[in-house]
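This report refers to the structure that appears directly beneath it.
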Amino acid sequence: MDTNELKRKLEIKGAGSSLKQSLAIDVGSLAHTAQFLRDEPNWQMDDLENISAFEMKGDILLTYFLKSSSTGKTMVLRATVTPKTETSEVDAVSVSHLWAIAIPLEQEISELFGVRFQGGKTRPHQVLPEGWRGFPLRKSYVFPIEFASIKHQRHEHE
Amino acid sequence: MITAWQSILNLPEHTPHAVVMILVLIISYLFVVLPCSLIMAFMERKLSADLQARVGPNRSGPAGFFQPVSDALKLMQKVDSPSSNRAEAIWLGIAGMALYSTVAVLPLGSLILLVDTDMSVFLPFWGVIVLTFATLMMGLTQDTVSGWLGGLRTSLRGMAGVFPALIAVLCAGLPAGGFSWSHIAAAQSAAPYHWTAFNNPFGAISLIVFLMSGMIVLGVAPLDGAISFSELRGGTAAHLSGPKLGMFRLSRFYGMFLWCVMAVVLFLGGWSIPEGLTEALRDSNSFGVIVLIELFVLLIKTFAVMLLIVMFSQVTPRMRVDQVTDLNWKVLSPFSLISLVGFAFWTAWLHG
Amino acid sequence: MTSSVLSTLAEYFRDVFRGARSLFGSFMTALPYLLNVNSGDLRKEVTEQYPDPVSSKTADDLPPRTRGLLFNDIDRCSACRECEWVCPVHCIEVETQSVPADAKVWVSKFDIDFAKCIFCGLCVEVCQPASLIHTKQFEGSVYDVRDLKKSFGRGPIGEDQRRKWARAQALDEGREDPKRGEWPS
Amino acid sequence: MSLREYLATDFTNWSLGPYHPALPGPMMLRLQLDGEIIVSGETEAGFLHRGLEKALERHSWQSSLTYADRLDPESAIFGELAVCLAAEEIAGIDVPRRAQNIRVILSELTRISSHLGFLARMAKAVGSTPMFHYVLRDRERVLDLFELLTGARFSINFLRLGGVSADVTEGFIERVIDVCELIRIRLKEYNDLFSFNHAFLKRSSWIGVLSSERARALGVTGPNARAAGLSLDVRKSAPYSGYELIDFEIPVGRGEGGTIGDAHDRFVLRLREITQSLEILKQSVDSIPAGQFQSVKISREFTIAPGEAYSRVESPRGTLGCHLVSDGGTRPARVQFKTPSTGHMLTIPELVIGTRVEDISVILLSLDISLAEFDR
């Protein structure tokens, strides 16, 4: 998606505080769009508020909440990635070179959702113990009966 | 002095002087030094509790009076931490020995002056310097970060604090014309305006300098950056437990008691009671009563000074070690030198 | 040069003075605590020495809505299992046994596992017959964690209870002589 | 081994944690020391991960709020408020005025209790035990108010979708006014005893200076950002739950002790925020309207229309965002919290460089980081 097509799309959408005005873009051009939004004079989205991910029927939606400190406008970018199988990792583009706050947010998503961010500074397991298989926040995640020979006596109540 | 004690303890005439002195030493340690350290420990805990809207120890003994005793007993029966190597125990022993050797020099009364040489005022400082060095070596033998940093900081602080203290001692010795305890006590009579601290304008400054440098040397609350619990978990004392920790704590309180006694004798008139009274008692040679009254006067003043120190130390936050040494070199030392010059002019002008 | 020396000297003495003044200021703020002078209850000791009822709070000093240990009055409980469903930590287990039509529901087992309970109060809020309530009791310590599972149920139906129902049913259907078993007047 | 190699000195590697009195919570701090001066610091957390967001997906709408208030144990209501606002936005539930007012009262009381906890930790880090005990004694009075209204002291579990779970009893309003008066007197006592004490000034001014550019770049929000000079406050920029009717001004760091954005500035700013919260409490307690306190009765089959919302709440540590997604079922599909501690943890490696070992606890505790909130 080159810049003028992006400009055209932005004019139509305009920035909105609620989620309805979110701009859907494909993962590849995510970093390029974010760079554009941050440096463009009349947008100046220089503050990344939050990166959140959730799984909807098999594919993982990444939502980027942008905010511009000068004009106070907020903006939502939405990217979709679909892992091949329920337990396989999937690749996405990292924006940690644009905003420092993206590092811990991407670290968590990569660990709990299995989304590998290219070029990100994600460290090995921070939240889950070493050697933990599976990505807990995926809908298809099944609780392990035991981990490192410790039994979880979770009797299900569904 | 020896005959006085022979009559108090009604020993046979020809007992050798050494035996009498050892007896007096043991008596003064058991009945004065040990109880006073424990009283000070209790006072500090009860006082800081009162300051902090708390009740403080009230379980063992009336109003928790025997809390330090129960603490000591509890620590005695704890097992020693396995990780402490032998070198640490040796250096702790040396530190304890250095500190408790000052008992012989303690000025507790005109009749308890065992070592009354011309230099007896400086002897406790020798004990304190060896204590600082021993704590440094104890810290270095523990191969933990808190041990290393704690030991280095204690030596840094200990060595620094001694300089202004010695200058303040010089100030006290000038009007007395000598550095033995008897000279200094003789120069100050019972009336407050005769005390070194108040009979000239610089006396108060040197008293404050002496007390604060004592707090620096011994590491009392606001100036104890070296063994603060917030990040070094007790510095050199981090790995002590059981009887060693008990000895470490008791030596800290004894250090405070020693420094307060020296401050009182040097600046606040020590054990001086009105002349008429001593003459009357001496004639009716009831020496026991003299010792008791002098001790009572001395201890009242010591506890008053100690109360002030605890109050100030509870109220101010803890300072970093580099701020402690800055305070020492940039504030206490210049002020002690100024008061030394002041004392010199004052005594010269008075006797000139 | 001299102005810089004088200014540093002045700054030095001002620094020392400020230090002494703030030391003295803090000392005077804490002094009333030592002397408890005219401070009423502003500066009294606040230590609550727990088991002693005078200086520390007991169950009845607590406000009415305090969420303490739970109690279920089994007679009013209608075994609707709402509490079991809403509990976030699933610490309530309810079991009933079949009873003849018109008799009241027999809650044989109603266990609350206080090891898991987080005292959030949802079960009490959801309970229609208001049989499950928060008492103001908070002393729930036990030696074995299994003792934390308190049971409020009636237990399995006993033989005499079955006979009572059988007799009641027989009375309704007229098969039973109402007078049987009474003492002759 | 040549003499040069033999005498070569290197940095000491010292890793603090996970439990250490100088740290704000279970985290690891790997330091490289050159003697007492810190060359570099690096943090590692993850010790308090409880899988809160996964748990929220497995429970009904009613009990999800109980989990939400365990996001940050010290300020429980803000987790609940974030989830409530988002869910009400999706489902279109409107909250009665009286319930909004009660929510504001509880938020400001929690802010005061959390800031008092911060003052106590700072006093303990610097070693002033009287201040530590005074602050905790006064926090008890605020916690008594929570127990009176909701039944619990910390995890109050009092908010429901569409309002609050119970009404305000009559005695509660007077007690709130009394506690406000008491805390106003106590604040003066803290200032006399501790805030501008020379020794505390020396320990905390010019220490851990966070400039406003670095604060914005690292996503720092809340009191730490305001102390650095940025006046960001969600209650002003995007007012929620009736804050637009209350007039209050946002305190910004003035740098009395040392410079703007140092540890002392963060400490004094929180004192000012407590006074500001007292102002808000006074206004909202006087103007509490009559009326319903809950507009929706939640039963077992309660569902929310499919949709998503992002709510922002001003918690005592910063801007707490909650991204809630509902797929029309009886359980939330996804709840994601953006906690302020994420930004604060990023500042630690920068603030710690060049300081002394004794300053670590002052810097770390002046950022008021909650590890429970960071790991979720």
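Chains: A, B, C and D, in written order; residue numbering restarts at 1 for each.
In this section, a residue touches a chain if its C-beta (ideal position, glycine included) is under 8 Å from a C-beta of that chain, and two chains touch if they have at least 3 such contacts.
What you are looking at is a predicted structure, and each value in this text was computed from that prediction instead of being measured.
Between the contact lists of chain B and chain C, the overlap consists of D. Shared contact partners of chain A and chain D, listed by label: none present. Chain-level centrality, scored on Cα centres against the all-protein Cα centre, points to D.
Each chain gets a centre from the mean of its Cα atoms; for chain B and chain D, those two points are 46 Å apart.
Centre-to-centre spacing of chain A and chain C amounts to 42 Å, using the average Cα coordinate of each chain. Between the Cα centres of chain A and chain B there is a gap of 65 Å. Spacing of chain C relative to chain D, judged by their CA centroids, is 27 angstrom.
Across the assembly, chain D contributes 130, 137, 193-194, 197, 199 as residues in contact with two or more other chains. Of all residues in chain A, none touches 2 or more other chains.
Residues of chain B found to touch two or more other chains are 51-54, 314-316. Interfaces, counted as pairs of touching chains, are A-D, B-C, B-D, C-D. Partner chain D is touched in their complex by these residues of chain B: 48, 51-54, 145, 149, 221-222, 225, 228-233, 314-323. The residues of chain D lying in touch with chain A in their complex are 44-46, 49, 51, 53-54, 216-219, 230, 237-238, 308-310, 319, 321, 323, 325, 327, 333-334, 336, 338, 342-343, 345-346, 375.
Of all the residues in chain D, the ones that touch chain B in their complex are 12, 14, 16, 20-22, 36, 123-130, 132-134, 137, 193-194, 197, 199-200, 202-203, 356-361.
Of all residues in chain C, only 18-19, 21-23, 25-26, 29-30, 33, 42, 46, 62-63, 65-67, 82, 85-88, 118-122, 125-126, 134 touch chain D in the complex they form. Residues of chain D that touch chain C in their complex: 59-60, 62-63, 66-67, 130, 137, 140, 147-152, 155, 157, 165-166, 185, 189, 192-194, 196-199, 201, 300.
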